[in-house]
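Two complexes come next, and they have one chain in common, chain A, joined by chain B in the first and chain C in the second.
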Partner chain A sequence: MTRSTLLSIALFQAALLAVGFLVSGNNYYMLLLTQVALFAAFVAAWNIIGGLTGQLDLASSAYMALGGIVTSLLWMRLGLPPVVGVWVGGAVAAGLAVLIGIPTFRFGVREVWYALMTASLVVILNNLFRYFMGPWDFYLPNKWGWLYLRPRTYFELFIIVDVVLLAVILVNIYISGSKIGYYLRNIKEDELVSEAVGVDTRLYKLIALAIYSFITGAAGFLQVVIYSSFSYRLFDAGLAISIAIMGIIGGLGSISGAIAAAVVFRALGEYLRSTLGGVIPGLDLLLYGVALIVVGILKPEGLAGLFNQLRRWWRK
Partner chain B sequence: MSAPDVVLRVENVTKRFGGVVALNDVTLSVGRGEIVGLIGPNGSGKTTLFNCITGVYKPDKGRVFFMGRDITGLQPHEVAKLGIARTWQKVRPFRNLTVLEAVTTGALLRTDSVEEARKTAVEVLELIGLPREEWGRLGSEITLMEHKLVDLARALATGPKLLLLDEIAAGLRPHEQERLAEVIKKVWSDRGLTIVVVEHVMRFVMSLSKRVVVLHEGRVIAEGPPEEVASNPRVIEAYLGIKPV
Partner chain C sequence: MSVGGLLVAVLQQVIDGVFLGLFYAIVASGLALIFGVMDIINFAHGDLVMISAYFVWLISTYLNIDPLLSMLLVLPVLFVLGLAIQKGLINPVLGKEPLIQIAVTVGLGFVLQNIALGYFKAEPRGYPNPVFSEGLSIGPFVIYESKLLSAAVSVLVLFLLDQFLSRTRLGLAMRAVTDDRSSAMLMGINVERVYLLTFAIGMVLVGVASGLWMEMGQVWPYLGTSFSLVSWVAVALAGLGSIRGLAVSAVIIGIAESMGSLISPSVKMAVVYLIFFFILWFKPRGFFAKR
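So, the complex of A and B:
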């Protein structure tokens, strides 16, 4: 890891924690900040499959919900504390992803078809879980503590989410600089050339898919904790799309851009929803749409391109 | 040629696309250390043959042997691992990787360490003679000639025994072609490679290979030293579409 990367992570963490301390008196803002940080973690995980590998995956919320629900059920039915349960939740999500990924990559499903297929996965699971769970919300047991990843205060929850976000960022950076990262970026550039220089493209796409879905599934329980409940509605196609959109606005493959987009747009979206949501429903989604168009026209390389420009300008 | 000296052997390979027979019962051998030219008019099946050798296509009939081993139907990355590398007729530009990163990826085939791979990449780039200031450039910032060199470097970095060059001189100016031919000769002698050159540019092939194979409509119609082949009436007919007077 270079010094500048280390420095920017430290700065980002300092800023995030500072905001956390500032708003820690206000439960609403605290929850909002926690939600934004968790969303950023999902976007950062998506960056592995979407940004690095170039597969337009729209199933993020499927893995999130599956992992979250599995972890919750293990806790409620079998008494397995979520500290352990999240790993199982992540593994189940990754297992499903790999199971679907094998035939998908075997038959060369890619680009828009991959996007459609993964998007339909969310819808299928949404219907399946509605069928088996019914339309009800299931509330988490009235137990609190670190063992359940369910601390008493929002500030502590924010710290947990922040640690997860930091971990996902570090995983991203580690992968980027490793052999896997080189191979994934080459797959994104050109699969045929990658094969010809010895990259097992199917295997490496599966690896990327497994890492991304495992992280998303394991972190999914934190989303359940924020809601304190879960239902089939966790399988939310809109959420999966907005996670992908953040990765695209951020500049595919750039972790800093992806996180910046997630933080700025999710916070702005939540703000607009809470202030104007009653007046103009869906305004936050409109904002995403407008941002996508603006980025598409002005800066197809996303916020990351903007950062690079600023960096060059700064050095001059 | 005795068996251990045959690096590549293509036996009765046939490949059809719908009703079109792209390769029709093609048989050829390439000996260790040879530079063989593979020529023929457009659509004669040269690139298809490369694709059948490297596993991009599976031949409908026939077998492909590499160092005595049957490699028919292997995946492209498996073929690469065994030691066959190729370059591309149509430049396949990498936009968001630097030159050094692209070549490093090739070198990662033989090691898991990025650092080691980078060392190999540096060696190859130096051998090819690509100036150091180009190494940090993105694929979107380099010229066609540089792309061809990087393509070659990336293939070499995988540590191949057999190198397949698919119309590498296409689109280059004559003096660039000469330089490329020099680079290929240098690489060939330095690495003890066996090379198959698919080419349109006759002069380019003649400067490199002692033996050429001529494909026409998916069949091998002539084989031999370049001067001899160039004056072969069947070859002239295939290229010009008329019988020589």
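So, the complex of A and C:
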């Protein structure tokens, strides 16, 4: 890890914590900040499969919901505290991902077909959950405390989410600089070539998928904590697409770009929804759409490309 | 339920599934044509059907005419819209990475959905005075006139499309580009022009699909998402290059969805997508591919 990377992480953390302290008196802003940070963590996890490996995975809400619901059910039905449960939740999500990933990568499903397959996974799980568990909202028990990853104040919850976000960023940086990271980027550049030079593309895609789905599944419980409840609607195809969109707008493979996109667009989106949502519904999502078109046509390197340009301009 | 009653219920679902499938065939035909000829991954396809359905609804309620008649008025609009989208959004990303194409078309889909949400609001809209709303009873089965009419139009349009692709110069040029782009270019086919017209014709098929849908049902802003997915499933099942194969695949999907709703309406899409998984794993080129 270079010094400039360390510095940017430290600055980002300092800024995030400073905002956290500033708004800690206001529960609404605190919750909003927590939600934005958690969303950024999901986007950062997606970056491993989408940004680094170049697989357009549209199932992140499936892993999030599955992990979150498994953790919640273990707590509610078996009394397993979520501090332990989240690891099981993450493992279940990763297990399902790998189970589907093995035949998917074995039979060479890629590009648009991979995207569609993962998008339909969200719908399948949504339908199955609704069929077997019913259309109801399930509420978390009335217990609070660190043992349940459900602290009494929003500020403490924000700290937990912030630690998760930091951890996901560090995992990203670690993978990116490791041997696996080089293989993953190789696969993203040209899968056939990397296969030809002897990279076990299936294995490395599976590893990326497993890491991403484990993190997403484990962090999924925090989303349940924010809502205090869960239902089949947690398997949300639109959310999965939004998460992938942030990764693309951020500039594929750039963790700072992905985080910046997640923070800026989610915060702006929530702001637009709270101020103009009654007058013009969907304005926040319209903005995502326009941003995607602009990035796709004019600037495929995304926000990361913009950052680099600014940096060059600064040094001149 | 007795065995006979169950049999009637199942057969009724099969009938409804065939009608649904013929509608899906029209939706998927536009996507298959565009994907086959231009190799562009269009995630906004269903949303284009949705927007077009709002056009049909507007004309139908304003002039108080049947959706199938409004559809005829909408088709030229969509042709022009198709030219514009092709020039403005699709051409710049032709030949780019799939991810970029998906990003731009997902963006277009989001824009269309939220324009519809902002302008028409979330509640479903349907034509209030349909002419063909009666149900015909044939033995124990019920067949709605609207579905029968839509199915007839759908079969007619698919037949015309098939004839167009096999008998006209432009149709042959499209198929040539589908088979081998560079050879087609060397044989003197103006590929740019073929692309432009392909997208516009694909949009006309979108218009037909929207008219058929408004004849049978209602439109709301998120209607398109499931159409997009189902069309891709149909294309995966059929493979590229055969309109008849696409129609058969779409009917299979329609029947599967219909049978799924017999188990429970909440699992019908799960049934369709599970089929999708197995096709992608074991038959990734589809069952009717010409190449």
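By our rule, the second predicted complex is superposed on the first by the 316 of 316 C-alpha atoms of A that agree within 3 Å, B and C clash if a C-alpha of one lies under 4 Å from a C-alpha of the other, contacts with A are read in each partner's own complex, and residues count from 1 in each chain.
Heads up, the rule we're going with is that a residue touches a chain if its C-beta (ideal position, glycine included) is under 8 Å from a C-beta of that chain, and two chains touch if they have at least 3 such contacts.
Since the structure is predicted, the reported quantities are computational estimates derived from the model, not experimental observations.
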Superposition on chain A - do chain B and chain C clash or fit: fit
Which superposed partner A:314 touches (first chain B, second chain C, both, neither): neither
Touching partner for A:185 - first (chain B), second (chain C), both, neither: first
Per-residue contact with chain A, leading partner among chain C and chain B: C
Chain B versus chain C as contact partner of A:286, first or second or both or neither: second
Centroid geometry (CA): angle chain B/chain A/chain C, rounded to a multiple of 10 degrees: 80
First, second, both or neither for A:196, with chain B first and chain C second: first
First, second, both or neither for A:253, with chain B first and chain C second: first
Touched partner set for A:177, first chain B, second chain C, both or neither: first
Lowest inter-chain C-alpha distance for chain C and chain B in the superposed arrangement, angstrom: 10
Interface residues, chain B side, partner chain A - complex: 54-56, 75-77, 80-81, 85-86, 88, 92, 94-97, 101-102, 104-106, 108-109, 112-114, 117, 139, 154-155, 157-158
Chain C - residues contacting chain A, complex: 41, 89, 92-93, 96-104, 106-115, 117-118, 121-122, 221, 225, 229, 232-233, 236, 264, 266-270, 273-274, 276-277, 280-282, 284
Of chain A, residues touching chain C in the complex: 54, 56, 100, 103-104, 107-109, 111-113, 115-117, 119-121, 123-124, 127-128, 130-131, 135, 237, 241, 245, 248, 252, 280-283, 285-286, 288-293, 295-297, 300
Residue ranges of chain A in contact with chain B within the complex: 177-179, 182-183, 185-186, 188-190, 192-201, 253
